[in-house]
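Each of the next two complexes has subunit A plus one more chain, namely subunit B in the first and subunit C in the second.
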Partner chain A sequence: MASLRKTQPLLKIANDALVDLPAPSNISVWWNFGSLLGLCLIAQILTGLFLAMHYTADVNTAFSSVAHITRDVNYGWLIRDMHANGASFFFICVYMHIGRGLYYGSYLLKGAWNVGVILLLLVMMTAFVGYVLPWGQMSFWGATVITNLLSAVPYVGNALVQWIWGGFSVDNATLTRFFAFHFLFPFVIAGMAMVHLLFLHQTGSNNPLGLNSGGDKVPFHPYFSYKDLLGFAVLLVVLATIALFTPNLLGDPDNFTPANPLVTPPHIKPEWYFLFAYAILRSIPDKLGGVLALLASILVLLVVPFLHTCKLRGLTFRPLSQFLFWALIANVVILTWIGGMPVEDPYIIIGQLASVLYFSIFLILFPLAGWLENKVLGLT
Partner chain B sequence: MASRAPVATGRLLMGFRKWYYNMAGFNKLGLMRDDTLHEDTDVVEALRRIPENQYNDRMFRLKRALDLSMKQQVLPKEQWTQFEEDVHYLTPYLKEVVQERIEKEEWMKN
Partner chain C sequence: MGGHFGDLARMRHVVTYSLSPFEQRAFPNFFSKGIPNVWRRFRASVFKVAPPMIALYLTYTWGNSTYRASKRKVHADFENDE
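Coming up: the complex of A and B.
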């Protein structure tokens, strides 16, 4: 007689995803980031929900409502700090998760990969509109800079920007709708995450060797349920440490000043997780060119599966491509640094070279290295 | 002398290939080159055609490698696959499968 968890329709779904799911025996810590992203999403939804009970999305009261949360609401300071730093941890996990996908050739699971790129865009949009809500100087001016980029769209650009703003500049109409989007998008993300898992579970997970693991599967529970639980504990400890000891480490001091449309901050920059893209945007002197480069910096991920040339799956047995991968990581770190710097010498030329290298690695060097590795191993 | 130059280049090339083979590292897990091929449709079809003993040997090597990977270990040095001993057992079948696919695609074009 089959167990209830295998027969009851709802329990069966949970069972097939979390208990009896056949998993490769050798998936490493880099495979923890998927579940950690799920945890980050739940944490952000919960803390966000409690913040939403006390926040007001109006230009006259938004900033002071956040101060009210921080000072008067019971544990409001903690909820706010966990939510703000939780966003940073969300992106740490996202970048680790994508890095794993690139290194181990997981992008060959095209369904999951493409949904993943959509998820990345949704998470970025959610974080962008969320940062506007405290209505500090950086909230206002960051929104102004980025929404103005839409005016680069030919013919409809200006109309598009005013449609998004709900007026002739970033103002109350913009703030209220950004709050609505920030509340809505996480639930879209949750739905897309389920679609992401649906695609993944068609084939099962990749593994660090990139080999067919059918001969050595283990059940998800208890091996990876407990491993993921350990990952959750580590993430929560690190997040709590940052939120409790250095809550403003990753923030911008300018956001402690209420938004003032008449005073432009000297250095407008986004949060750290957007700096690499900001550097790529600023590397092109033309507005439309910069916007296209910004979009391309994320959408390039969609073409990676088609540029896979090597007969081997991941980079585990490909030393030449491994060097390129780490060069890409170092390049993104440089782009992040440049994105936080003012547009002056020598940062301009460094940013431009790093931007060229970023696209070259994806579009030229990785495919070339794969072709070379085939040749050296005698695989044609 | 002219007759020696190709041999020297050939030896150099083989030396480089052997060095790269060892750098790649799959031999430390007891794998052969053809074990590491990504299982696309051509490889899956070629695997269907290889003799049973070769398929079983392959499964053993894969399982051993996955187990070593799980334990973050490698085999003792004396058990590493040597460059000279590597057998490209799958390649003849794979060539056949690819050739058939190309012929089929050419046929379907017309």
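Coming up: the complex of A and C.
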């Protein structure tokens, strides 16, 4: 007599994903970030929903509605701080999750990987439009700078930008539609996350050895249900620490000033999680070139599976590629730093060299190292 | 969806043995072997992780000091002023 969790149609779906799912016994902490992203999404949707009950998406009242939430709404200050810092934690988890995928060769699960790239783009778009909503100086001018990039599209660029704006500049029409997008996209992300898991569960998870783990699986519950729960606790403690002790650590002081289209801040920059892409954008003096480089910096992930050359799946037993991986991480940190600096010497040349290195690592050095490791390890 | 227990891999002639949790220590040699093991794992990875991070630090400090210097007056440029 099979248990209800295995026969009832709805419970069966939950069971096959969270209870009886065969999981490799050796997946490490780097495999926690998937479930942590799910937690971040739920946390952002819940805090966002409560913020949406009090926020007004109108240029005359948006900024003060956020102040009203922070000062008058019961625990509004906490909901607002958790939502703002929750976005940063979302990106911390996203970058760790992608790093795991690159390091352990998980990108060879192409279905899950490609849906993952779509999820990354959706999360970035959600965060971008969300940052506009408080209608501070950086909200307004960040939106102006980035939406203006679309004018680089040949022939239809200017029409495209005005279509997105709903007018001739970032104004009320832009704010209201950005609020609509910011509310909608998380549900699209939730749906795509389910597609992401659908693809993942066709094969099951990768593992740190990169070998077939069919002979050594354990059930998801209790091993990874409890491990993920511990991960949730750690994330919530760190998020609460930031939100309660240093809520403005990752923010920009300019966003405490209401948006003023007549006053341009001296240094317009996005939030930290976009700075590496911002640096790549600014490294090319041509507008269209910069926009293409910006897109390529994310879309390069789609070609990574096709550039896998080594017979070994992950980097666990590949010291040369490991060195390149850490070079990539250090390079992205340099790009993040440069993205927050003014466009002056020596930051210009550093940014350009780091951008070239970023693409070189993905397109040339990683494949070359894999090919070399095949030879050195006698795998061919 | 995906694999199910009982249908994952063909395994034959594999015998596993285990001790009851009541017959063993929960964290055997946690410090006496654990700490040397941390040192072993550090040595195995330090020359792959540290060089890029050192390059990062050096680039950061050089870049910032060069920028600050570019904003300062260079006295040699004004030596021949009256």
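The rule is short, and it goes like this: the second predicted complex is superposed on the first by the 380 of 380 C-alpha atoms of A that agree within 3 Å, B and C clash if a C-alpha of one lies under 4 Å from a C-alpha of the other, contacts with A are read in each partner's own complex, and residues count from 1 in each chain.
Just so it is clear, a residue touches a chain if its C-beta (ideal position, glycine included) is under 8 Å from a C-beta of that chain, and two chains touch if they have at least 3 such contacts.
Predicted model only: the values in this text are computed from it and were never measured.
Look at A:319: by the touch rule set out above, it reaches both subunit B and subunit C.
Contact with neither subunit B nor subunit C is seen for A:100 once the two complexes are overlaid on the shared chain. By the touch criterion defined above, A:282 reaches neither subunit B nor subunit C. Applying the stated contact rule after C-alpha superposition, one finds that A:211 touches subunit B and leaves subunit C untouched.
When both complexes are overlaid on chain A, the residue A:25 reaches subunit B alone and has no touch with subunit C. Touched residues of subunit A, counted separately for subunit B and subunit C, are more numerous for C. Shared-chain residue A:80: touches no atom of subunit B or subunit C.
In the superposition on chain A, no contact is made by A:196 with either subunit B or subunit C. Legend: residue contacts after superposition of the two complexes on their common chain; A:182 is shown touching neither subunit B nor subunit C. In the superposition on the C-alpha atoms of chain A, the part of subunit A touched by subunit B in one complex and by subunit C in the other spans residues 212, 215, 319. Remark: subunit A residues 16-17, 20-22, 198, 201-204, 212, 214-215, 217, 219, 319, 322-323, 326-327, 329-331, 333-334, 337, 341, 344-347, 350 touch subunit C in the complex.
The residues of subunit B lying in touch with subunit A in their complex are 16-17, 20-21, 23-26, 29, 33, 35-39, 59, 62-63, 65-67, 69-70, 88. Residues of subunit C touching subunit A in their complex: 1-5, 8-9, 11, 14, 45, 48-49, 51-53, 55-56, 59-60, 62-63, 66-67, 70.
Note for the complex: subunit A touches subunit B at residues 24-26, 105, 108, 207-213, 215-216, 311-313, 316-319, 376-379.
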